[in-house]
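The next part holds the structures, each set out as structure tokens.
Common to both upcoming complexes is subunit A, partnered first by subunit B, then by subunit C.
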Partner chain A sequence: MLNDIYLLKDLSILNAHLAQHYSVVRLAKDTDGEVTWTEQAGATSAPLFGHANLPLTSPKAFFFPEQESLYKFDGKTFETIHPKVKPIVLFGVQACDLTAIAYQDQFFKHDPYYQTRRDSVLLVGIDCEAPCKNGFCAEVNAGPHVNSATADLILSRLKIDDRTNTSEWLIVASSEKGVDSLRDLTLEKADEGHFKLRTKLGDQVRSQFADFSYISNAIEYLNDKSIPAQLWEELSVRCLSCSGCTNLCPTCSCYSTFEVIEAEPISNTLEFETVRCWDSCLFESFQREASDHNPSHKAAQRVERFWFHKFSDEYLPEFERHGCVGCGRCEQTCPGTIGVHSVMKRIDEVCCN
Partner chain B sequence: MLQLTPQTIRIVDFYDDGTDSRHFTFEPIGFALESPIAIGQFFMLTVPSRGLAPFTYTSFPDEQGRFNALIRKVGKLTDQLFTCKKGDLLGYNGPYGNGWPLAEINQKEVLIVAGGCGLAPVTTAIDYLIDQGRANSVTLLYASRDQESQVLKQERERWQSKINVYETLDIQGDKDHSGLPTEHLSAVLNKVDHHPDILLTCGPEAMMSNVAKMCVDLGFKSTDIWMSIERRMRCGVGLCGHCYIGSTYACKQGPTYRYDEFLALEKANTVAHLYPQYFQYC
Partner chain C sequence: MSQTQVNSICPFCGVGCGMGLVVNDGCINAVKPLSKHPISQGKLCAKGWNTPFGISKHNRITQPLMKKEGVFEVIGWQEALTYIAQNLQKCIRESGSQSVGVISSARATNEDNYAAQKFARAVLKTNNIDHCARICHSPSVVGLKQTLGSGAMTNSIDDVAKADVILIIGADSTENHAIIGGHIMQAKLRGAKLIVVDPRQTRLAQIADLHLQLNIGSNIALLNGLLNIIFQHNWQNDDFLARRCEGTDALKKHVADYPLDKVAELTGIEGQKLVEAAKLYSQANAAFLAYGIGITQFISGTNNVIAVSNLALVCGQIGREGTGVNPLRGQNNVQGACDMGSLPNVYPDYQSAADKKVREKFSHAWNTTVAQAPGLTSLGMSNQARNGKFRGLIICGEDPIVTDPDRNKVEASMRAMDLLVVVELFMTETAKMADIVLPAASFAEKDGTFTNCERRVQLIHKAIEPPGEAKADWQILSEIAKKMGLGGLMNWQTSEQIFDEMAQLTSSFSGMTYSLLAKKNGIQWPCNAEHPKGSRWLHTTTFPIGKGKLIPVDHVPTNEQPDAYYPFWFTTTRLHYHYGCGSMTRQSPLLERETPNGLLYIHPQDALDLGLKNHQAVTVSSRRGYLETRIVLSNELVPGLLSMPYHFKEAPSNMLTNDAMDPTTEMPELKVCAVNIVPLPKNQSPCPSSISTDIEDWVIQ
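This part shows the complex of A and B:
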């Protein structure tokens, strides 16, 4: 790995280089101040940092869109609708979302639609320089610095010169795809000292996080099954089944399917298209069966399920980590109080007594 | 890579078989059915315009790949299916899931308790055991609401002379047959010569849960109790998330679960799963 580390002062050089082969998608602030993933061809400014400008939506939809057509039936045969893809570089993804993408890569390992989209994307990670408002990535081993197994290239700012308003960036090519993407770009080699500086800066950011031990405690209580059913009942009263958390959570992946019927004017026949769309395990009808039996008919069961799926050790053999990557979006979006901090704090309060 | 796109099958034939139920024969068009199909596995049936839903095979595919399924009309997809005619084309994905435990049932005396449409997933198990020359080792207790709603008439007639068949009707019949299957279970076990030591059960979850508890009390080991669990399914391949039971997906790690493992999965949650007072047969 140490062979593939470089130094660069002006990131727009890298941006322009990658733009030759990829559509560049970066964080951008719109006029309302909302931060979104936007295609920006000739950007020259430094990318926005996730720690200061966490986008409300993670890049999940690039690989698993909110709605996508799967196949169609023309009256005789079913035909796959292949996703239309073009090479994209996601330029400047923060550690938590990259960890979530790696998690979903595993979950969707055999899903042809996901994998087709995923193959066309180059991931350029960026090291966060401070904790973000609701984030606790350090507590769940998902940041603040990018884990090299989760990105193709990593950008890490080593120095800022306020006087000249310039920075020095360390660039790590952490996958074969990443190494390939830098071909024909002349870059100054970095050395071990630079890499060590990055580690030191990461430790500094880590030390700035607030005390989130209530989250680790709650994970423990959840796994030793000591959370009383009554607490889930109490918490679930505040779940409006709005699906805000499941939509924004970068590791949520449940879906449903629906059918679109279209008239085919030339042959005067009907065509049926099957579309999948994001669903939510917090909806009352999520598991309701035709017999009307509903294994998760109580809101308390569904809220418990959501957190079980994020923090149960039973998923470790498959994913080698918990499902939550500490982005804090569920806390930010929940109109009730069943976001991660509210729930974990309450569990810790109740269970530690 | 998984293939989510269905393959085309044609409705060869069907006949009415119990209240709102039909026994269908399907045939693959332009593809060979994957074989062998394990007993108790299921497939996803696509009815164009209505989406897809899981159903069990009630026969192994013949040389032309034709296979049967018993389907009850309960809602959106099945309503549309019941308007289909012979020759109409549908979609097929499968076979999916883990079926009944072959090694275990090959060696043991088998008790089968099925409720309503829950008879469908055990049909191939019964036929398999008969084919293996083990008909003497099979006892079936089949529970339905009333006579009209009993399904798989032809199969039950065929089995009658071969295996031990006991039928109960919730709201009809004489005192030896009327009432819930749990009221008759010990009487049935007292009547059979070979005492069963493995249970396969399929039907409403409340029924399976009560039958399993009873069998444990009657001396069955919980590792010898197997249930086929129904969950809502939107994909059949472990992606859509709907069919979760604890950390497993019923479409992948199930739908057949060993009782002790099922209980352990349910215990992962502290909020209890409550069954309706009265079982509702599908």
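This part shows the complex of A and C:
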């Protein structure tokens, strides 16, 4: 890896280079102050940092869209609807979201729609320089610095010169795709010292995180199944089944399919299109069977299952990590205040007594 | 894959959450919550999250349709407009302007609503203009106008966070105003005391400190009882009463007639709980009172609202942060539709249509002669149609067949009309009855403003083109005006021009412009020279009518009560997953899947007594109609009380509901009637009562 580390003062050079081969998608703030992933060909400014600008929606939908046509049937034959893709670079993804993408890569390993979209994307990660508002990535091993297995290129700011308002960036090409993407770009080589400085800066950010031991404790309680059923009842009264947590969770991947039927006036036939859309395990009907039997009939069972999926050790063999990447988005979006911090705090409170 | 995001406002309930519309290739397949929005702060409810389905191009009406021999045929806009104009003119010529009218939409923009009432008053020359506030909060508009001088939420949603005590009466806010429901749950977590008054054990009732599970229809007895306790214990706010109110002595004397034992008997609530609630509310530093249609949808609706207002005034829980009398409005723009004067008795900003000066003002401003005679309410139009006196109606985006009481009567009224025009997104039950159906643009396909229940006027933005030939309501009404030879009256090019015209003719909106609204995440009215930044709180120093009025009101029994033939109480509810007539939310496969297997909720004890099993098929009947559905066992109810959500055309609760009216506002008693249930024969499935299934295949190309 030390062969593929570089230094760069002006990131717009990298931006412009990648723009020759990719549509550049970066975080941008709109006039209402919302941070969203936006296509920006000629951006020259430094990327927005995650710790101050983690977007409320992760890049999940670039690979696994909210709605996606899968195939159609005209009464005689089925035809696959291939996703239309173009090469894009996601420029400046935070460590938590990269961890989530790696997680979903596993889940959708054999899903051709996901993989087609995923193959067309170059991931440029960026190291966070401080903890963000609801984030606890360090507690769940998903940040604040980018894990090199999760990105193609990693950007890390080593120094800021306040006088000239310039920075020195370390660029790590951490995958073959990343190495390829830098071809024909002349860059200054970095050395081991720079790499060590990055590690040191990462440790510094890590030490700035608040005490999230209640999360680690609650993970233990979740796994030794010592949480009283009454607690799930108490929490689940506050679950409105809005689906906000599962929609915003960067690792949630449940979907449903439905049929769109269109009349074809010329041939006077019907065309059926099967579309998949994001679903939510917090819906009562998510697991309801045709017989009306429902293995998670009670809201308490559904809420318990959601957190089990995020923190159970049972998923470690498949994913090599827990399902939660510590972004904290569920805490902000939950109308009932049962996002990750509220729930884990309550579990810790109840179980440690 | 080029993707943009257009920030707008959720089209469902009156909370008015921020919503980013994600546009891909001219379609909206996703929405995002907006983290910086002052109310929703990154949250949406299930309805909001499913918005893309509710406006998707599939199943939308995209061209004008005319019914010929019972079947709809696609026609051109010009043909449709000419037909409508000629037939409206024929009705007016033969039967006068009183024979035609408009029902506007609480889901449409302020601009659409301003255009609708102007079209009625200036083009048709009638005050026959109404909308669904008639059947949700018309008693709030009238009742609070009498007692406080203004019929909207006195405080802001954010005030929930500042209150020590929160009192919720007749509102299932986690289901219907989910984000406000969330604010309330959050307040409870931080230590605020929560009191819920509701005949059902709602979600908030389950977490409340006190749940006053009153007998249905005993609101005034309860509120007068609380007032009597407060006076007896000297818990009233004497200073506030002396400075800001009138009528204290009369009220005190009046409520003395509601002693604890009598109130306990009428409401079914033990006295100790009533005392506790009275103490909590009256002694709080700041108590936030919110109510819903569990107050308004009664024959005593207006008096119920007055009783609520009495309680807040006596305790001085108004005019300060964290307090207030706060009606939770059901629809995204029902506040705005009222504000814009889509009501027979008022022009925009509640300027009285009965006032000659107001009529002269608008005649002058619009350069015409406006309607002179008093107008009919929506139920009035319906009744007159059955008498042959009301002949032509334009309905924009409402589905009275599903949502109005006593469906058989509503259906008969519509059949009796000579001309029924429905402007819609989807082929609703009401649209199926129409002579002409016109394709409407959805909220994502036009510019304009919505006003949420805390009086916040917020901009919505056009994100995509309307499908096919659909247009905004105001554009359609302008075109009809043109065909009637009065196009000059409604000659707007943009929604902003309509807003500016409206702002010039009102006080509460005179300080607002689109550019100011864009800068500030919306502005709460009144916004004028006196309040240039808008108004978070109303009535801080004085009421618009001077002193607050305490008006004694009496408990009246509901119009119908269980008897030997109809032995059960029956009430209507809403589900978190669905909205109104279901025309938008039921397009979502996920929300549709959430629809329960049966729609009649019953206490397990009643089911046991009747020998019914969960999900067993039954018929439900009242004096007005009957329907078939399955039962769902629910502990939210008390024995003897049944409930049904009203969203479903297959089993419309309005087959059963009572249209007995509040004498002041003609609000029907939708919240209570008497019914009977009988099991269907074994193996027989419930038969849906949807309208005219023969025109389900509605379009001939």
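Basically, the second predicted complex is superposed on the first by the 353 of 353 C-alpha atoms of A that agree within 3 Å, B and C clash if a C-alpha of one lies under 4 Å from a C-alpha of the other, contacts with A are read in each partner's own complex, and residues count from 1 in each chain.
What we mean here is this: a contact is a pair of C-beta atoms (placed from the backbone, for glycine too) under 8 Å apart; a residue touches a chain by one contact, two chains touch by 3 or more.
Everything quoted here is computed from the prediction, not taken from an experiment.
If you put the two complexes together on subunit A, you find that subunit B and subunit C both fit without a clash. Of the two partner chains placed by superposition, only subunit B is touched by A:Y71; subunit C is not. When both complexes are overlaid on chain A, the residue A:R183 reaches neither subunit B nor subunit C.
Rounded to the nearest 10, the superposed model shows the Cα centres of subunit B and subunit C diverging by 80 degrees about the centre of subunit A.
Of the two partner chains placed by superposition, only subunit C is touched by A:L240; subunit B is not.
In the superposition on chain A, A:D279 makes contact with both subunit B and subunit C.
After overlaying the two complexes on the shared chain, residue contacts for A:R163 are found with neither subunit B nor subunit C. Of the two partner chains, both subunit B and subunit C are touched by A:D292. Of the two partner chains placed by the overlay, subunit B and subunit C both lie in contact with A:F258. Taking every C-alpha atom of subunit B against every C-alpha atom of subunit C, the smallest gap after superposition is 10 Å.
256, 258, 279, 288, 292 are the residues of subunit A that lie in the contact sets of both subunit B and subunit C, per the superposition on chain A.
Put simply, subunit A touches subunit C in their complex at residues 30-39, 56-57, 61, 65-67, 84-86, 88, 237-238, 240-244, 247-248, 256, 258, 260, 262, 265, 277, 279-280, 283-285, 288, 292, 332-337. In the complex of the two chains, the subunit A residues touching subunit B come out as 70-71, 73, 75-80, 108, 110-113, 115, 225, 227-229, 232-233, 253-259, 261, 270, 272, 274, 276, 279, 281, 286-293, 295-298, 300-301, 304-305, 308-309, 312, 314-315. The touching residues of subunit C, counted against subunit A in their complex, run 1-5, 7, 18, 20, 22, 29-30, 32-37, 41-46, 48-49, 52, 58, 174-175, 178-179, 181-182, 185-186, 189, 203, 206-207, 518, 521, 576-577, 589-590, 593-594, 597, 615, 701. Residues 1-8, 30, 46, 48-52, 74-75, 78, 89, 91, 204-206, 230-232, 234-235, 237, 239-247, 267-276, 280-282 of subunit B are the ones that touch subunit A when the two sit in their complex.
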